[in-house]
Amino acid sequence: MAPVGGTPKPPKKGILERLDSGEIVIGDGGFVIALEKRGYVKAGPWTPEAAVEHPEAVRQLHREFLRAGSNVLQTFTFYASEDKLENRGNYVSDKISGQKVNEAACDIAQEVSQEGDALVAGGVSQTPSYLSCKDKAEVKAIFQKQLEVFVKKNVDFLIAEYFEHVEEASWAVEVLKESGKPVAVSLCIGPEGDMHGIPPGECAVQLVKAGASIVGVNCHFDPETCLKTVKLMKEGLQAAKLKAHLMSQPLAFHTPDCGKQGFIDLPEFPFGLEPRILTRWDVQKYAREAYNLGIRYIGGCCGFEPYHIRAIAEELAPERGFLPEASEKHGSWGSGLSMHTKPWVRARARKEYWENLLPASGRPYCPSMSKPDAWGVTKGAAELMQQKEATTEQQLKELFEKQKFKSSMVA
Amino acid sequence: MAPVGGTPKPPKKGILERLDSGEIVIGDGGFVIALEKRGYVKAGPWTPEAAVEHPEAVRQLHREFLRAGSNVLQTFTFYASEDKLENRGNYVSDKISGQKVNEAACDIAQEVSQEGDALVAGGVSQTPSYLSCKDKAEVKAIFQKQLEVFVKKNVDFLIAEYFEHVEEASWAVEVLKESGKPVAVSLCIGPEGDMHGIPPGECAVQLVKAGASIVGVNCHFDPETCLKTVKLMKEGLQAAKLKAHLMSQPLAFHTPDCGKQGFIDLPEFPFGLEPRILTRWDVQKYAREAYNLGIRYIGGCCGFEPYHIRAIAEELAPERGFLPEASEKHGSWGSGLSMHTKPWVRARARKEYWENLLPASGRPYCPSMSKPDAWGVTKGAAELMQQKEATTEQQLKELFEKQKFKSSMVA
Amino acid sequence: MAPVGGTPKPPKKGILERLDSGEIVIGDGGFVIALEKRGYVKAGPWTPEAAVEHPEAVRQLHREFLRAGSNVLQTFTFYASEDKLENRGNYVSDKISGQKVNEAACDIAQEVSQEGDALVAGGVSQTPSYLSCKDKAEVKAIFQKQLEVFVKKNVDFLIAEYFEHVEEASWAVEVLKESGKPVAVSLCIGPEGDMHGIPPGECAVQLVKAGASIVGVNCHFDPETCLKTVKLMKEGLQAAKLKAHLMSQPLAFHTPDCGKQGFIDLPEFPFGLEPRILTRWDVQKYAREAYNLGIRYIGGCCGFEPYHIRAIAEELAPERGFLPEASEKHGSWGSGLSMHTKPWVRARARKEYWENLLPASGRPYCPSMSKPDAWGVTKGAAELMQQKEATTEQQLKELFEKQKFKSSMVA
Amino acid sequence: MAPVGGTPKPPKKGILERLDSGEIVIGDGGFVIALEKRGYVKAGPWTPEAAVEHPEAVRQLHREFLRAGSNVLQTFTFYASEDKLENRGNYVSDKISGQKVNEAACDIAQEVSQEGDALVAGGVSQTPSYLSCKDKAEVKAIFQKQLEVFVKKNVDFLIAEYFEHVEEASWAVEVLKESGKPVAVSLCIGPEGDMHGIPPGECAVQLVKAGASIVGVNCHFDPETCLKTVKLMKEGLQAAKLKAHLMSQPLAFHTPDCGKQGFIDLPEFPFGLEPRILTRWDVQKYAREAYNLGIRYIGGCCGFEPYHIRAIAEELAPERGFLPEASEKHGSWGSGLSMHTKPWVRARARKEYWENLLPASGRPYCPSMSKPDAWGVTKGAAELMQQKEATTEQQLKELFEKQKFKSSMVA
């Protein structure tokens, strides 16, 4: 019998059901960067305690992505592992336990997901423990702890994302897979492969063998670079005769000048990236190319604001047959400008105009590309060992000196 | 007698009380651009019906500015005049009356203002009626209607902003002044003066004579250009031996290549402005220069996100003696990066680094400056006549043709 | 009686005869920069002893300008004053007297001028003596010495060029005027006026009153800026009801970012100016605008190579009715490309293509504009006092320190 | 017996003698581009009839390169084959036979070579006949004809340069080798290989097997790209256990945005390349890197002016033990500026300053990179078939249309 007050919503189609049937699934955008700009996340530690401290802010951002067309709401649990919440002087766990952060994030995502057709994905990401050479059991235990919350809250599926080393990502997939829920995994690597030099194709094969149903990349590089990497993953899987769905969640920043380690190395990271932000038209181009490459889980990462996600949904509206809710407030290809007061702005109300625009930076004293930092250290290097305590003044001084030295070598 | 349940808050100091005593008052940022990116405002008409349709989104943005340090919350009533809500096919009033929009906006701003030390300012802006050569009485009647709501809701003070013609701004000031509340006024003009060629100094004199206690500029130009204009206003007032407080609320976009009419004329307006967005360090520089120039009402306009407002508050923290709430999640001058995992990012945790950074655009195929449209029309020109009905296909076609012709002349 | 072997050439029309009849006179280009690149002039002192040391190189450059369309060959006597030949360790006069340099330069120019329809102009330029505050008589004596050679060699007319102070230029004009030959004079100033702040219009008036028949600007700024300055001169002369012909000989470098003192202050001067070099199409645009402004003596200065001069002659060929000799090797507006092997290069053989091209720098790590040095010193400042002896190591060190200090203030 | 009047000069060391003993050999620069700017070569056909028409101009340029440090003077015989002199309406041979051009070029180079320690190299380059699919015998006959002049004039050695297809280059080497003189060969290819897709390493092997003693690349790409290509050649030779000397003669233009076919494809070729011109400091960097890579024949191609060649000689002066003649007029690393009048220019008299300068373009409306034309046609394609007759208007129109179509696809 139907409950009083209305027809019950039909149960949502699962993530694999959608992808298997050829549907396009639109991911969401970048929470830590967006919430940093809104005043709720601290650049540096980048941890998600706002889920507990300011749930209304997290809720509002989820809602905006949903309106913009997202079919997946990732729980705001990026860097919500215990070892990250207590790293380098970021004493979050002293006030709020990791468990509480993860639970609050699940609650918020699930609440908002009821407002539309979106699934909730519980997410884990790379750990300081791995970088600091803790062993497999220790690292897995960290993921296990987050997974317990996701299982208890019964999220729809799981994502292991933002891994620089396929080895750690595989461990994460193995842990998540035990839940019986579908597992997606994305590395933050470029065409050169992971930080140990393992090529994208081989990474994809390892991850599928570890149990992932969806593989791809997120963060660290711009759409163009990410798509190159996913293409290599696709080829690797084909060569190994393995099947998996593909996903991409790139930066909303142009990074043609990145090295192997992505935008972290650019001198502008994280407080000077503004001139690199993608326009909505850049995103439409990305969405089309991702689709043409066979990717069906298409979203964004750092820098992706709600209007960027809407641009994916608008570009693929012909294939999907519908526009997202937020397109009520957006004319496709600038057509809303036909309502502008000034005639020369109304004259911009057309696709041809925006498609061909080469936007100026207004910064004639700035270059168009930068030389990335290239300190050449990765997992295991002494400089990457993490600590619970705050970085000391002395440690900082040594880094400043090293930075000056490296810069003068680049010039 | 104290009400049950707690000590009553002391009444807030009024805007003139603060400015007269030498306090710095921090304004808020740009609502229409921020809410457009969040999916709640339509580019083209730019009208604020979201106050009724999605109050939670407007409330959240107010709250973020408050946390970032704003001492003033402007009601989200930009372009909320009846003639604008019904312009060129934007049939908002058919669903929601202008009165309702203005009321809802007041309610939201007043609710959030209780969460901190902020005043609420009711705002009016330029009208299509003036551009279409309606007479003084008709234009004043439009402001009068909005004012009635502000008086009923008892906002703390009033702002007439975004006027291209000092004549219309003076009419607005005259109307608002009748309420007995303090009136601030800002023009969206550059150093060349208003659209009728009246120099900034003379504009300021007219506005103070009309009754404004605070005068300045907002929108249309970047901080550097706006400060030049306010400087000219200051000099004009000094020459006329008039006293007024100064305010500036510039764009958060670099616009060194603007013509007389500001960023509206740039080919990137409004969907390709990303590469021009100010960094927080650009804003700190602006805040310092505004302060040095004697401006004490310092805020932002289009493009200003909460973190930009926080940058004003952080730059002027030594003078004010405190940091805003949102600085809990921000280390001054990048110091939060000392908690970053990567050593070369920790090495960026210092003022000298960010102060000297020349951020790259990542767009080597784009120029650094653009040629603005310069159609050379203003109030009274046939092309600026407005209409209630949607722009027709034929009207658009004529504009596209004219645009092509103008572009080929610039090249 | 006619000489054996041929008809005597008719005597050439004088410079004023040409200009008075409305003819366009094309100047020549920049000797010191061109010969520096060819290996015959030393950057720093920039003195013209090559006229004696390597006459074949000077002769060849004169010949190239003549073929390109120059109607005037300036004697290569820039900085050929005795006090300049012996400045700061440039011990030229120890080997070659100033008189010899000036004589050799006259001989070469006169020899080449016989190969076409060109006049020879003897040239003087600003002196270290003036900068070092020597008195009027001393400075005039220096010009007098050069003039004696020009009179003896019987050049066609005289040019005083590259003066930053109108006072010194007026002294030069007074001296040259005594010869009875027509005198042209050009300042290396921008729209802000001379180094003492005298506006261009007033400068022009002073110079005409001192005896000049042709006034204008040369060097220090790009064509756009120079034309602005000449326009101000023209307006000054009109206001004073004075008549004179106008001349312009700008840089072949784009310098929109110059300060008051011109390209000398740009950090790229003199060894990094390459990205600023004008294309031939830039020069055609300049020639057209100069013509439209009423300038009839149109040439170039530093950076102008023979092909730049040819571009002036080609642009104004419709008005003049003929092309220069060197156009035998140049199809107008790229039409010669119709002979190229590759089809896509043949497709560039048209005006529309080259007129609209926005040429890329191929330097994505470089900015498009620079902050000029602005040490704010001019005639009379201790730092501008000259000396015969080489700059010492200690003096250089002090300058390096000062430069670092100034740079860090700009950043 | 010694001739009256002096000791006879000792015979010069041959090219292989020099290279075998480890000497650095400095090549010369780009004749066609330099002489185009001086007014003696026509862009489009780019043929060298100036050797006959204006020997003084060619002689002067040779002399300048010699003074700048060149140890090799290449005869000005680029594109001096009969089939090129009569291509697409360039009816040179109607007036001057190919033989005469080649003879005159040899005479001039040999005359100037007597003024210093330079060898004369006779040069051949790729032919329209090969592009138009003529057979091996026909193509070889063309080289044979030029070789006859070189043998008669007894040049010191031979260079086959500017070949896009290694097959044609090998034919040229085979022909030249018959003379018994040493043969150098350079392809105008990048790291992707020749126009048939043959990788640089394999190209080098084929050329050495065909008889070349010196192999490398010239033209089409900037120094950075050329050095990458030569590195691949070196590795190919090592893998094949073959020995040869390496040479590089890159462009003096920055071309990071080139496609496979080099700067010909850039929209700026050939009349808008100015912003890409290398500074002398760029050249010093190139010379050092070439030396470090083991290249010992180091020169330049299009865009290399005498001062660029001098920069090679100055950079490698420590290794060679001497400076070129033209350094009399150049202080190393800007030290001549210590003689400048202005103190802030004297402050630039040091290596650190110029080494770190990032020169601005002064063109804020231009991008830093361009999209190359990519019509994807090469030898054998109908569009590359050559003809003796001028390109018709109809042929040009078809190309213009195609260009517009291609451009709109890139945007």
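Labels for the chains are A, B, C and D, by order of writing; each one numbers its residues from 1.
Here is the rule we go by: a contact is a pair of C-beta atoms (placed from the backbone, for glycine too) under 8 Å apart; a residue touches a chain by one contact, two chains touch by 3 or more.
The structure presented is a predicted model; accordingly, all values stated were derived computationally and were not measured.
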**Q.** Pair joined by more contacting C-beta pairs (A-D or A-C)
**A.** A-C
Q. Taking each chain's centre as the mean of its Cα atoms, which chain lies farthest from subunit C?
A. A
Q | Inter-centroid spacing, subunit B versus subunit A (mean Cα positions, whole Å) | A | 32
Q | subunit A and subunit D: spacing of chain centres that average the CA atoms, whole Å | A | 49
Q | Between subunit A and subunit C, centroid-to-centroid distance (C-alpha), Å | A | 58
**Q.** Overlap residues in subunit C, where contacts from two or more other chains coincide
**A.** 257, 358, 364-370
Q.
Using the touch definition from the top, list the residues of subunit B that touch subunit C in their complex.
A. 355-356, 358, 364, 367-369, 411
Q. For subunit C, which residues are in contact with subunit D within the complex?
A. 36-45, 56-57, 60, 63-64, 67-68, 87-90, 128, 131, 222, 253-257, 264-281, 305-307, 310, 325-326, 328-331, 334, 336-350, 353-354, 357-370, 373, 375, 377, 383-384, 386, 390-391, 395-396, 399-400, 402-403, 406
Q) In the complex formed with subunit B, which residues of subunit D make contact? A) 257, 364-371
